[in-house]
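Naming follows writing order (A, B, C and D), and every chain is counted from residue 1.
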Amino acid sequence: MNELTVLISCPDQVGLVTRITNILAIHQLNIIAMREFVDEENKAFFTRIACTGLLEGVAQLKNELLKSLPEQAEVNLITQQQKKIAVLVTKEYHCLAEILIKNQFKTLGAEVQCVIGNYEELRDFSEKLGIPYFYVSHVGKDKSQFEAEIKSVINRFEVDYLVLAKFMQILSADFVKDYEGKIINIHHSFLPAFIGANPYRQAFERGVKVIGATAHFVTNNLDEGPIITQHTSPVDHNFSVKDMVRAGKEIEKKVLLDALALVVEDRVFVSGNKTIVFK
Amino acid sequence: MNELTVLISCPDQVGLVTRITNILAIHQLNIIAMREFVDEENKAFFTRIACTGLLEGVAQLKNELLKSLPEQAEVNLITQQQKKIAVLVTKEYHCLAEILIKNQFKTLGAEVQCVIGNYEELRDFSEKLGIPYFYVSHVGKDKSQFEAEIKSVINRFEVDYLVLAKFMQILSADFVKDYEGKIINIHHSFLPAFIGANPYRQAFERGVKVIGATAHFVTNNLDEGPIITQHTSPVDHNFSVKDMVRAGKEIEKKVLLDALALVVEDRVFVSGNKTIVFK
Amino acid sequence: MNELTVLISCPDQVGLVTRITNILAIHQLNIIAMREFVDEENKAFFTRIACTGLLEGVAQLKNELLKSLPEQAEVNLITQQQKKIAVLVTKEYHCLAEILIKNQFKTLGAEVQCVIGNYEELRDFSEKLGIPYFYVSHVGKDKSQFEAEIKSVINRFEVDYLVLAKFMQILSADFVKDYEGKIINIHHSFLPAFIGANPYRQAFERGVKVIGATAHFVTNNLDEGPIITQHTSPVDHNFSVKDMVRAGKEIEKKVLLDALALVVEDRVFVSGNKTIVFK
Amino acid sequence: MNELTVLISCPDQVGLVTRITNILAIHQLNIIAMREFVDEENKAFFTRIACTGLLEGVAQLKNELLKSLPEQAEVNLITQQQKKIAVLVTKEYHCLAEILIKNQFKTLGAEVQCVIGNYEELRDFSEKLGIPYFYVSHVGKDKSQFEAEIKSVINRFEVDYLVLAKFMQILSADFVKDYEGKIINIHHSFLPAFIGANPYRQAFERGVKVIGATAHFVTNNLDEGPIITQHTSPVDHNFSVKDMVRAGKEIEKKVLLDALALVVEDRVFVSGNKTIVFK
């Protein structure tokens, strides 16, 4: 018995669920789990339907769905297989390690193809866990050259998503456009608080009692992309900046891994600057 | 535009969602939100569908749904109106106050009909907030007499649910049977830990680092009914039993009010000794 | 046996704890609980010591402590008695109700003297719970006139702290100065995110996955005062602005009541724009 | 400037803090952070004092402290150096990986000496990260033989603590006695709920809405030792047993690593069957 995930987004109309489920029934697909959401402000409809059944005629199923839905509908039919990812890093190990450990023990839900770093610090660790490491320095290059080198590494692999696991370089609008909706970043604050550099120093200066982290899709506006997951943790006056950084790393790795799991299971829709997450 | 909530539970089969949504479409009902769950162990299907549309022919709609579904199906069609509740108390105020305050300011999602107490302590407060208070002492009576008096108060009102808001008397099997699936209790521990009396004393003795509370439907087995909501909160060695009780009360009122909100919005199915909660 | 709380802040030096505890020992005071903190950045020392003993000679004890400590030391000796508070409100009930309920049942740790509101909405409720309500409208007055009227109400009572329980007027620098370190506000976001008006609308627009609330001392800079407590709660795409407001209110009342409990138990020091909280 | 941690537990008396801090002052030790706790039920006093100063005469300092304290006092003076640990495992990787990753990047606060496993599954991973792996099978041996072999491995190293990182064998009373207060275990439930085997299956059957994990010192009574840390996480009806296991593993590794960090920083006192944790 095969599995099929049906993802649909379109302008909202009366009767969409009925139309969609009827077509699935005609194709002998059994609905295992179905989630839907209507964005009332934008009159938009989103659904994720997990089915089992014979998977012949997927292309025809897609056509029939598109024909029965409003014109601007997006239909995505996904037959089960793991997504492939590339991980970009600088020097910090904690997010990368969490990804590579789960990759190693087959609990990531995705397959890491390579690690790309603008320093050499994490090569040894990556290679120990069997993942090829590519060093692409940003030093003495303009951004377009730097990014062209990164792309040339990525292009050696089949890659569905780029994961910025504490990659401390800002990507250009051109680069982001080439991987639209495909780049996941971890920001070390509960956005929109503490946008920009040194958020834990900012948090320390402000005397907050809670710190957090945010995983989001990358768009042209730094730290402004659609948020996938956020999590917070209490702190108090005893926390130095260093203590906040240490506590923050635990939140960061949890938030990034939660986001990655949701994305690679096709549970996240992007709608404008927000996400719809069918957990 | 009227609202209708459709609740269905039945043995699982292929094509249930399609059949149900087709019948709703024929009746010109527009699906606003739909949640479904398949209990794989018991091969049972549950769905909650919120619709809008003209609400003529609800009885016929029910018949059509029943006819198209497996024989043991339960179909419940609810047109929007607030549930009515009676609250049973002993001496502790914190859960009752939370209920009566929200009732007073119309944010409870239910209407409190009366408070029944086996002490007089909470009469004054209840009456200040405009709710009739009935004193039914358990002293010097056998349980059947005590419960008969409680029932006679309840029968003076239309009541959908009984809420045990720190009611410190154990109800008999007969009483529970008469209100099957209609009694919500708050237990002051994260069940199944610390069943029985003095859970905070038990928690203190054991030296736990987390305490909790549990809201559940009442069944014949004390502290064993289907759990609706649970919540926990950290404690440490500085907490005396009294401190745990105080911290616990904050959890208790949150857990009970969360459970009550879910129940009166028809978001909770009972399946065996578990609940399915469509948040 | 009487209780005495000793609060000391001063520039840090070697041997402070020893000097202080020696003086307490000479006065036959037994230390029940002691907390201290050294702010390394500002080289400042803070301690809170709960003692029991005979409480004669408190003035002399204070002198001896001051004499043995660095010149800028602040010493505060508090003999147990409940703080008195005034509550300022606009139209929202949830924080006020939590305060008045606990006041009614003697679990607030403080005594509410009066409620002051710039609307009449909450008069009835306050009076039902036995608290005098003073209506001071802001309409058609300049701020100094409005605030003068508020002060004249406050002056009729002995008041240690002013609690802004969703008071939707901005207080002037002059007013704030008169009650320096004595005004506690609840802000409906996890500051510094969403400063200013309509934070839940802002949070909705940004598509955050966590909302929060912040209790802080009021200073001249709106939403910038020293933070006492913060708390967050998860949200998702299903939350409308209205749902966020409703969920937020539960966080707000918890955060404000937690802050108030800490402040009235003399557990909070203000140091620059931060707090030190000895829980 | 050297650091010294002073740990003292003794029957409670008036004036202990003064006596202790005076002796530290005489030895020119500057108190950086001081925490104390009085167990009112057992009339016991506990303190942890972090100092800086010259560290000559530690033995004499200890004598002076003992002489000035009640007879049963325990005084422990610790000059800064990392604790050494051995990790015992069976087949599950998640706790071990978290330990070895932090060990690799020098953020564990302890040094892993070896991994001992009763299966071979985790050898490859341990060795990749540079830690010697010792396979000690339990098959076909009585417990005393099995444990003798484990001890002979441990004895090849200097080891302060044994960490049972999902070690699925029950240790004998004799073994536990030999490492009293030195064995830390992770139990996959929020004890005392779901003692014994298959806690996630038990949690699933009971229909709980919260799962948790518990790190505790091992004593003769299985799952009954002093609790160090506990943490919980929400679940719902969608969680299969497998989902609970997966979510539980994330809690387990957090709880165990938190406990380990507290223990190796000498922040945990055991008192009867409870812990006092100076965070």
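Assume a residue touches a chain if its C-beta (ideal position, glycine included) is under 8 Å from a C-beta of that chain, and two chains touch if they have at least 3 such contacts.
All of these numbers come straight from a predicted model, not from anything done at the bench.
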### Message
Between A-B and B-C, which chain pair shares more contacting C-beta pairs?
### Response
A-B
### Summary
Taking each chain's centre as the mean of its CA atoms, the one lying farthest from the centre of chain A is chain C
### Message
I'd like the Å distance between the centres of chain A and chain C, where a centre is the mean of that chain's Cα atoms.
### Response
41
### Message
I'd like the Å distance between the centres of chain B and chain C, where a centre is the mean of that chain's Cα atoms.
### Response
36
### Query
Do you know which chain B residues sit against two or more other chains?
none
### Task
Please give the residue numbers of chain C that touch chain B in the complex, ascending.
93-94, 97, 101, 104-105, 107, 125, 128-129, 246, 250, 254
## Note on the structure
Listed in rising order, chain C residues that touch chain A in their complex are 37, 39-40, 190-194, 206-210, 212, 226-232, 236-238, 240, 273-277, 279
### Query
Along chain A, where are the residues that touch chain B in the complex?
14-15, 17-18, 21-22, 24-25, 30-36, 38
